[in-house]
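Presented sequentially are two complexes of chain A, the first with chain B as partner and the second with chain C.
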Partner chain A sequence: MSTTHLLIELVLMPLVAFVVGLAMLLMLRKIGARLQRRVGPPLLQPLFDVIKLYSKRTQVSHGLLHEAGIVVAVGAYVAIETLVPVPGMNGIAEKGGLILLSYLMMVPSLGLALGVGQCANPNGSIGLSRAMTAMLAYDIPFMLVVFGVAWQFQTTNLVELVAVQQAGGIATWGIVENPLLAIAGLFGLQAMLGKQPFEIYVAPAEIATGPMVEMGGKFLGGLFVMQSFQFYTAGVLYTTMFLGGGENWFTFLIKIFVVVAIPLSVAFMFPRYRTEDMVRLVWKWPVILALLGLVVAVQ
Partner chain B sequence: MRPENYQAQSHPPSHEYELNFGPNHPGIEGNYALQVRLHGDTVVSAHADGGYLHRGFEKLMEGRLWIQNIALVPRICVPDPVPMEVCYSLAIEDISGLQVPERAKWLRVLQLELSRIAAHLFYFGGHAATTGMYSPSFWGVADRDLILDRFEELSGGRVYHIFNIPGGVRRDIPEGFLGRVSALLDYLEARLPEYDDLLFRNQVFVRRSKGVGVIDQQQALAWGVTGPNLRATGLGFDVRRDDPYLIYNQLDFEIPTEDSGCCWARTLVRRSELQQSIRICRQVIAALPDIGGPVRAPIPNPLAWNVPVGESYTRVESSKGELAYYVLSTGGEKPYRVHVRGPSAMHAVQVLEKMVTGGRLEDVAQIMFSLDACPPEVDR
Partner chain C sequence: MSVLDQLLVFAFMTGAVASFIGDRRFAGTLLAILYFGQFLLLVKLAPLGYGAQPVVSAWQPALFGEVLVWRMDALGWYFALITVVAGWLVTWYASGEWGQGYRERGGNLGLMHTAVAANVVAMLLLLSSGNLLSLFVGWELVSWAGFLLMVMNGRESGGVSGPAGLRYITYATLGAMALLAALAIAHHASGSFEYIDLIDAVDQMTGPTRVSLVIAFALAFTIKMGLLPFHLWQAPAYAYSPGPGGAFLGAISSRVGLWGLAMVFGSLIGIGRIAGIELIPGWFDLRDVFMWVAALTIVLPTFTALRQNDARLLLAWHGIGQGGYMLLGLAAGDALGTGGGLMHVLNHASYQAPLFLAVFAVMHRTGTSDLNRLGGLVARMPLTFLVMLIGIIGLAGLPPMNGFVSKYLVYISLLRQGEPLLFILAVIGTLGTVLSVFKLLHNTFLGQLRVEHMEVREAPWSMLIPMLLMASVVVVTGTAPGLVLDWVASAQAALGLPVLDHTLGGAAGLDMLWVSGVLVYGFAVGTLLFLSGNKSRRVHQFDNYAGGHFLTAENQYQYSDQFYAGLMHHIGGWYRASFTWAESVVIASVDAMSAAANGFFRRTQAVFLLLLATLGSVAWLLWGVGS
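Up next, the complex of A and B:
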């Protein structure tokens, strides 16, 4: 691959992720609207929201770390997007792999922690501590799932992972080969996206949206962009591990939208757990399922 | 407060911190604040901070004609305005000895129960939202809107109906109104299983609300708790049955109770009450065609009406609890004194402060909303 080609891919991959992520945000709102018997927003509303937030005249900064934290959070996702293979573009996915990706996926939360920490708002701090607790909770089943998939396919390379599944057809997809890991992965996905019943760190009625409480204008816009990346990444990663990746853009988009639609739909039907209940639940069933899946993978 | 106006204050080192719930907060139906002091996730103390909706209703009423106050009283409880109109009117009728026509009494009950249903639908959504579940809010508000449609048809006003006046109601129901209300009740009854599936049988919601914000019967009585909040402690006291007004003694309905006195019990009581209100409405709809006659007793020129000297303490059962009006007339064109005993005055201040203390941060908003307080009743 020529350097120019690689550079084009490195620019295109995050760009595609952003656009698809915005469409996923629209899907989130549309699903919510349908379940709540509303019409929902128009097609371009997520894009208008981003433009509106970035063009706000009031931009209250609480200091360097507040600004840097958001850059770290969004930047980490931009880096992540170049590490997940999509149809026709592998970016630098060959150089990365599941382990690196697992580490990188923690960085946005840490960036958020940096930014929120400097705001010195108790609501933000409580939200942050809850977000870190949630990360600690879902990372255990998530890492077990990652190890299970890696063992199952004898590789941590995402490009190889996709190639193996596509070569063998549906019968070799992760979800068919090891459904236990796939179910545990869905649990982890729900918690990772911070959606109900695991939405403990936003909690508007308790802590006034927690980490977002001091965010406005471009800062909130940054979080908005981060969320669109987050949805996309979660969908792509799950599709790559369990649904054979994308043969072409059509099937790929269908897969990732379906994957993300599941936790988003579930979210509108539940309240949020208390923090300890969330940890208890995530450390129980997903971990048990993931461990069983790991045993299946090892055998 | 804008950042440039913020001035840091130094405090002695402490593991405790303060959080403000309100004055704009989803935990309560209006502007009201609860200042909470916490240690970790545990509430150490709480201070109810009202006054944000103070418009001086009671004082305003002293300066307005008797009839003018009809437009003022519904504003004391926006989600459930009909009991305000009816209770105020009952007090004036008591003082002036007005005999309300039978048909007007039945029409008042129909409105009271429709208003109760609307208030409870609002409550379900609000309670669920405090635990992070927003779908019931949209459902509740949408279904409540259908009731408001009927109120609009009846009175011209969706939220403030100003339909009940001393002596009866302003006018008779429009043609086909009862049929439309009946269809609405059919729809609401059909929707209840969906609410059950989404909310009342939702295990996460049950886990969040069961055993939270508990109050026992003795405490409830000592603190002046009334209405569904009292009935959630196992005491089936309801003004409609125990001190009947209008035509409630002619109606067949039950008073649902729960024993645990927690947020879950308070919601369940209201859910059962909603069914009972539908039952009452159906009885009214069945009876009304056979009850003829006027809907309003003749009253003197309302713009120059000197209500006779006297006083009256009248109470009704609103969706929040026991609502009472103390009205004192010195024979003038305006009331000498009107005192509103809103149930929320107890629930949102002394009860809320005590109930929240010792609880968890996660449960504060839920406890606030579970009491179904109406801030203007506190700030009256």
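Up next, the complex of A and C:
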């Protein structure tokens, strides 16, 4: 691959992720609206929201770290998007892999945590404590799933993972080969996206939206962008591990939208759990499923 | 006189200078220069790190017909480099304001410098030991030098350091006895103290002899490493040492245990032979024991660290946990695992030392390391914050810092060997570390700045420069891990282990040059996006959402105590202090036995015992003469 080609991919991959991620945010709000018998926002509403937040006149900063935290939260996702393969573009996916990506996805959260920390608002810090606890909870089943998938396909390289599944057809997809791991992965996804019932760290009525309490203007806009990246990345990663990646953009988009639609739909049917109940739940069912899946994988 | 001799002489000289003039005002600077000299001599030995033949010392004193040999190979050089750099930078740190402050608080600065220098000399002697006899001499010197550093801080630590040091030396003595036993077994089997003869003799040993040799070595080295169940001594002993001394101990001191285990797993006995000792045939062997001990050492001390409220103890507990990753990699036995385990030694030293020093810098300015009495210091000590930030990302093992690379190699090794449970324990350790170090950073530097800290200044440059130098190592070797992996590969070759195939960017499908590159690119894009928004206005920390209340200097508006209340609500009951309980049982039984023996020998049955002893001696004499 020529250097120019690679440079184009490095620009294009985050850009596509941003656009698709915004569409997923729109989907989230549409699903919510339909379930509540509303019409929901128009097509370009997420984009308008971003522009509105960035161009607001009141932009309150609590210090350099508050600003740097938002930069890291968004910037790390820009970097992550170049490491996940999509149809026609591998970027630098060959230089990383599944394990690197699992850990790299903690960096945006760390950036957010630093930014929130400097806001000196205990509501934000309580939110962080809960978000960290949630991470400890869902990453255990998630890493078991990662291990299972890597063992099943004997590789942690995402490009190879997609190639193997596409060469063998649907019968070799992760979800067919090991449905238990796929279900455990979906469970983990729900918690990873921080949607109900796992959104205790936001808890608007109790801790005033937790990490977001001091965020406004482009700071909130940054988090908005971060969330769109997060939806996209989660969808792509799950599709790569279990649904054979994307043969072309048409099937790929269908797959990732379906994957993300599941947790988002589930979210609207549940209240939220307390932190300790969330930990208990996530350490029980997905872990059991993932361990069973591992037994199947290692056999 | 070889370069190794020059190095050892230079290290002795540094120690001598420290003991004579260590309490003078200029001593710290002079000593830092001397350490730098040692560092230059190690640079002269650098070919060792790239596959050169070992360097032998010309000085070979004989003791009762046995010769003490010193010889530095790639493994010893790698550890010695970390040791000397750690000693150099912590001494530099202590050379300015910190040392003055320590003396004003009544500390004995000269003794501290002497103790650090003694530790460096002892470790150099140990790391370049060329046979079992010099190994034992070095081992004892290291133990007692460490003890000196641990117990000298009585006044500053409020009398806690003394008992902690005594507890350490009790454990260390047990370890030394085990090493002596190993030496006895080895000498009995091979007829000499030379490594090479032992390696030959191992094949001829009977099963039980080999098992007892492995166990005796392992006991000595795991106690020094603070591996489960011998970990209780370490955290308080390191945490309450005088600042820079504690940083030195935490960074490298206990890793000589890993150095010893690497010798046992590598050249002396071999990981293959250890894996051949089956406990449950076909199911569980001695190597698995090491791996499980390592995995539990990762998890339990890490979650103990999570509960600490003193920054020093928190870090010291993590030091124990990180040792688990090193052993886990080493016991995995393949090129990836042993490479990751050995690399983790340097990585750990490079972030643990600046983390300790950052905590001591905060203590220097605020007088406390209690995580519930700090907060918001990022606005006053931004560079110290930066050091701690880089350090915790390294300690937590997140990209792009060096801690991630070594752990990655261990993960991949476990993955390829099909060890899901050990893998997940290693991951749980990492996640626990993320939680714990974020608490450390948050409670020290983030949140609300306390009223009494409004006037706090940044740490002085004499402390900042060494910290920043170490932090830069974390970043540089995270971006280009190949720099260290070259040395690690030479060490593997010296040990006879499989050698890790690597590039400048990493190994096993990981290229950190690219990963760090795209992160920089991503942050640049993030910055542009941020700047594209409307200009922001800085506000005071009291200008905050407070549910309709007005915040003033009287308000404590901070969340730090019981930081992970929700998690503890769930797992708090799992903390049972079983090891402390077990230790107290051992202490109580030893107490009871010694009281009984004391009563028996000295009071109750004195005459009877005298008679028994006389009869015994007579019988022994008769038999001795008869045969």
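We adopt the following convention: the second predicted complex is superposed on the first by the 299 of 299 C-alpha atoms of A that agree within 3 Å, B and C clash if a C-alpha of one lies under 4 Å from a C-alpha of the other, contacts with A are read in each partner's own complex, and residues count from 1 in each chain.
Keep this in mind: contacts are C-beta pairs under 8 Å (C-beta built on N, C-alpha and C of every residue); 3 or more make two chains touch, one makes a residue touch a chain.
It should be emphasised that the depicted structure is a prediction, and the values quoted were computed from it without experimental measurement.
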Per-residue touch tally on chain A - higher for chain B or for chain C: C
Which superposed partner A:K255 touches (first chain B, second chain C, both, neither): neither
First (chain B), second (chain C), both or neither touched by A:K30: neither
Touched partner set for A:P122, first chain B, second chain C, both or neither: both
First (chain B), second (chain C), both or neither touched by A:Q196: first
Partner chain(s) touched by A:P271 [first = chain B, second = chain C, both, neither]: first
Chain B versus chain C as contact partner of A:R38, first or second or both or neither: first
Which of chain B and chain C A:V60 touches, first, second, both or neither: both
Doubly contacted chain A residues - partners chain C and chain B: 60, 122-123, 126, 274-275
Touching residues on chain A, where the partner in the complex is chain C: 10, 14, 53-57, 59-65, 67, 70-80, 82-83, 92, 94-97, 99-100, 103-104, 106-107, 110, 113-114, 117-123, 125-126, 128-130, 132-133, 135-136, 139-140, 143-144, 147-148, 150-151, 156-157, 200, 208, 213-214, 217-219, 221-222, 225, 274-276, 279-280, 294, 298
Chain A contact footprint on chain C (complex, rising order): 376, 378-379, 382, 385, 389, 393, 397-399, 404, 408, 411-412, 415, 418, 420, 423-424, 427-428, 430-432, 434-435, 438, 441-442, 445-449, 505, 509-511, 514-515, 518-519, 521-527, 529-530, 532-539, 541, 543-547, 557-560, 563-567, 569-571
Partner chain B, residues of chain A touching it in the complex: 32, 35-38, 60, 122-123, 126, 196-197, 199, 203-207, 268-275, 277
Complex contacts: residues of chain B adjacent to chain A: 3, 17-19, 25-27, 41, 128-135, 137-139, 142, 198, 202, 204-205, 207-208, 360-362, 364-366
